[in-house]
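A, B, C and D label the chains in the order they appear, each numbered from 1.
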Amino acid sequence: MIPIGHYLFVSLALFIIGVIGVLTRRNVIIILMSIELILNAVNINLVAFSRHWANVDGQIFTLFIITDAAAEAAVGLGIIIAFFKNRETVLADEMDLLKW
Amino acid sequence: MADTRISGFPGAEQTVLGADEIIINMGPQHPSTHGVLRVKLRLDGERIVDSECIIGYLHRGVEKIAEHRSYQQFGPYVDRMDYVAAVSNGLGYCEAVEKLLGAEAPMRAKVVRTILTELQRISSHLLWLGTHAIDIGALTPLFYCLREREEILKIFEKYCGARLTTHAFRIGGLQYDTYDGFEQEVKRFCLDFVHRVDEYEQLLTENRIWIARTKGVGVLTAADAIDMGATGPVLRGSGVKWDIRKAMPYAAYDKYDFEIPIGKNGDTYDRYVVRMQEMRQSNRICLQAIEDIPAGPIMGKVGKVLKPPVGEVYHSIEAPKGELGYYIVSDGTTQPYRVRIRPPSFINLEALDKMIKGHLVADVVAIIGTLDIVLGEVDR
Amino acid sequence: MSALLEFLKTYMWPLIFALVIVGVLPLLAGYVVLMERKVMADMQARLGPMRVGPHGLLQPIADALKLLIKEDIIPENADKLVFWFAPVISVTAAMLAYSALAIGPFFQIAELNIGLLFIVAVSSMGIFGIILGGWASNSHYSLLGALRSTAQMISYETAAGLALVGGVLLAGTLSTQKIVQAQQGGTWFVFVAPIGFFLYLVASIAETNRAPFDLPEAESELVAGYMTEYSGFRWAVYFLAEYANMIVVASIATTLFLGGWLRPFGSIAALDFLDFFPPLCFLGVAGYCFYRTPKQPEPIQSGVMALFGGLCLLLAAAMALPFVPAFAASKAGVHGAFWFLLKVSLYIYSFMWIRFTFPRFRFDQLMKLGWYFMIPLSIVNVLGLGVYKVLRQLQWSRWPAFLLTTGGTLLVAIWLVWLAQRKVAVPGPVGDMTEAEG
Amino acid sequence: MTPTQISQIAFYFFAGLAVLGAILTVTVRNVVHSAIFLITSLLATAGIFLTLGAQFVFAVQIILYVGGIMVLFIFVIMLVNLDVALHQLQFNRQGWVAGLLALVLASQLGFAIWFARGEGSLDIPAGRTGALSPQNVEQFGLALFEKYALPFEIASVLLLVALIGAVVMTKKRV
């Protein structure tokens, strides 16, 4: 049995890497992917605690988070495509207009 | 990508690629451009925004060669234009020179010419059907078509020794008389062939996918077709009843009873139906002609050295792909002063750009297939 | 060292089975190719490969050798690493799927609780091989092929998945073993859910990129789609993945709808003579091989023919093994493998039959078929099977329940076809689907 | 080697792979490579789920995350692929501040986990009821459709909304 702390550390690492990605990268697609990393870190936590408490609820929340990630990715990528069609760029710091 | 300029798009309102546009080069090496045709397509996703045909990869200067050959010597060269219908090419050339000379082939020669040309039309259409079907993804008809085409090529081989570039006719008539058993063989083939066409139609005509892929694809209206000078099945598919065999009969066509099938909508499906019907009609002509081949000489009265009088002549025939015309200018020597050939494929190909605009990539191959081009003829 | 030994001891059989599958699957795929070429030749009035070995029996080996020693061309400006890696992803996904499939009650690498789900998950990975390969080639044809392939596989995976859900609903389990066991006493699921089977058949053709849905590699349009820039062994690996995928989907269909390794009419005692079919079948093939042996033009071909005859004889002996009382227990395993592979072969044969009969769809038509017909119908199919299950629990007898649900689903199917036809009375040049897909 | 040992080895392998994949995801220049590494990381996470006995989540992670979302990502990357973007600056100017902040956050959370372990609150809790059955799928399904039926439906509505939103947004001519 691997202690739950190990899972939490892996999760922490993924979370922090995701945060760094979101904060430092310029490419919006990579920012979106970093958000996926963060969600993934949360999933690890949930499943680890699910085993810890011997309760399947945590796993079910994972499913909801994955659903949420799918919705977020679909809408986010939709925005990126729409933006790209208008501005031909995917860099976050060039997204400086509130209205096109 | 924003500053990728595209040159050579005449009439393109936009010379800069849009964000989601790509340029794709179809050919000159591509499985379904029927040779070395190159089509430059500008795609929006999979839709064609603009296209440009680039030809000339097979240019051999046939017309120029003619100016340095005697009239007989040029005969074999015309076989190499539309190499899947060499007999028809030869017929057009021989008749044009005969017209220039004021000579005429004897009746027997005319009837044999008619039979062989109609067989050639069937074989050309068979090859078209097979490749067209394979372009649209039906793999099997090709082999059935080639099986029947093989029979025709065997008849040619027995008749003149060559299968593809036959050089079957000579100016003034024929060089070879029919071989023993020619009539029986042609008859057997024709009687059998009717059922074969039924077989192909069974595979394709009613097939839902085939209909979905061809109906409404590459529509060419009758007015457009006439404007572009399209001839042959492409014109008839658009509903124009024009066939030189009926309009200006040559060889022995006025003796036989046949119909001109026409389409209605001018789409790929109609052209397919027209060609299928044409095969049946050609078969009918062959059956009629083979019944009585008049006896008599096979070579008319033309000298050994051909010296046509000064003048010019235009003669055209209905080749499998459309109107094949020869315009020959003679300066009274043994060599033509100028030969200009009106190749049906080349002129039909001009309709391509109009037909594919707004369609998908998959339709391009269907439309190239339905035009039935042979690059040897387009480039000459 | 002892730890390793213990490990090997615990996992001996799964390891052996894995080795067998990794070793045999490429060979099997090669012979599926040969079978396809022969079937194609037969349908097209030709002979097919005849040169290498008698009747082309050694052709796959020759092909593999030729592809192995071919020059490996990597296009300039290609993403080399991805270009190298992409075919491997494809083939790995295809082979990994086999780890949960049961060829017999015994022959299975891992009996998983989530068996079918695992297979679906792993085979959905194969798409990355295609899309990355297409992207890495740095060619427009490849890219178009990859994009087409992605859109197509996502669309049809949904339909295939829902068709599988129907079968799983009937079985009440995801484990491949238990699915087959659920069909043991009663009927195969294909007779309970014919529409589900039909949906899976069509969707699996689309998923394996076979004609008439072979748009990603449509030869006449995109040259070879995502494989355009591949050659030599890397190409062969893609090819292997494609055929291995075919075997996988055929195995899934066999497991879920065609009763897996069960003998046809297993519950009818009067038809027990069918047990003699496997050995007699191989005996017949062996006899034919020996009959043809002296007629081969070259001595080496005679030798190969005799070898094949001997192989068949050996297999016949193996099939006859369960009739020996001492080995009677092996019947389910040995005969099971035979029936399983026979059903897989028939399924693949139907793939080939379809491929050589129909023209190819256009991309927008394919998408329309997927989204307007396949997916709605598969949802209705799941509903119908749910109703069937409830009705059976309410003590309805089999026939009324079956007729009610299947009839209802069929009506919906007809309605969908009618809708589609009404909408596209005159098929316009281009639909709007390609845009919506982006 | 016992199954437990294998499970341990598998966990550390997957954990390392996940972290490595994540690091490469946010550092490489090429977006497609970045997506590939993210896929690696997600697959490794799926492996971690497996070591936790969550088989169903493992399958869902692969089917939905890897087979669905990531395919969508790669699809979009190919649609908007810009060679120009490769040669531009990849990190923004205030990156070092962000990195510093992230490190601070990391140390905080790390200490939290570390001290929680020290106090014993991360041991197997005394009040834990029930048990995870090896029949993970059944348990999962029952909980999902009984206890969490409403959230499940809401999630499906969310997906529908996202679907419509994505289609409307990418439609060329609205």
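Note that in this section a contact is a pair of C-beta atoms (placed from the backbone, for glycine too) under 8 Å apart; a residue touches a chain by one contact, two chains touch by 3 or more.
Note that the coordinates shown come from a computational prediction; the quantities given were computed from them, not determined experimentally.
The most central chain, judged by the distance from its Cα centroid to the centroid of all protein Cα atoms shown, is C.
The interface holding more C-beta pairs in contact, when B-C is weighed against A-D, is A-D. Measuring from the averaged C-alpha position of chain B to that of chain C gives a distance of 43 Å.
Centroid to centroid, with C-alpha atoms defining each point, chain A and chain D lie 7 Å apart.
Taking each chain's centre as the mean of its C-alpha atoms, chain A lies 61 Å from chain B.
Each chain gets a centre from the mean of its Cα atoms; for chain A and chain C, those two points are 35 Å apart.
Chain C has residues 143, 435, 438 in contact with two or more other chains.
The multi-chain contact residues of chain B, meaning those touching 2 or more other chains, are 1, 19-20. Annotation for chain D: residues touching 2 or more other chains are 56, 68, 79-80, 82, 136, 167, 170, 172. Listing the residues of chain C that touch chain D in their complex gives 3-4, 6-7, 10, 79, 82, 112-114, 117-118, 120-122, 124-125, 127-128, 131-132, 135, 143, 146-147, 150-151, 154, 157, 174, 435-436, 438.
Contacts from chain D toward chain A in the complex involve residues 4, 7-8, 11, 15, 18-19, 22-23, 25-26, 31, 34-35, 38, 41-42, 45, 48-49, 51-54, 56-57, 60-61, 64-65, 68-69, 72-73, 76-77, 79-80, 82, 85, 88-92, 95, 98-99, 101-103, 105-106, 109-110, 113-114, 116-117, 122, 124-125, 128-132, 136, 139-140, 143-144, 147-148, 151, 155, 158-159, 161-163, 165-170, 172.
Of all residues in chain C, those touching chain B in their complex are 40, 43-46, 140-141, 143-144, 148, 211-212, 214-215, 218-223, 355-365, 426-430, 434-435, 438. Those residues of chain A lying in contact with chain D across their complex are 1-10, 12-21, 23-27, 29-30, 32-34, 36-37, 40, 43-44, 47-48, 50-57, 59-60, 62-64, 66-75, 77-82, 84-85, 88-93. Taken together, the chain D residues at the contact with chain C in this complex read 1, 5-6, 30, 32-33, 36, 39, 55-56, 58-59, 62-63, 66-68, 70-71, 74-75, 78-79, 134-137, 167, 170-172.
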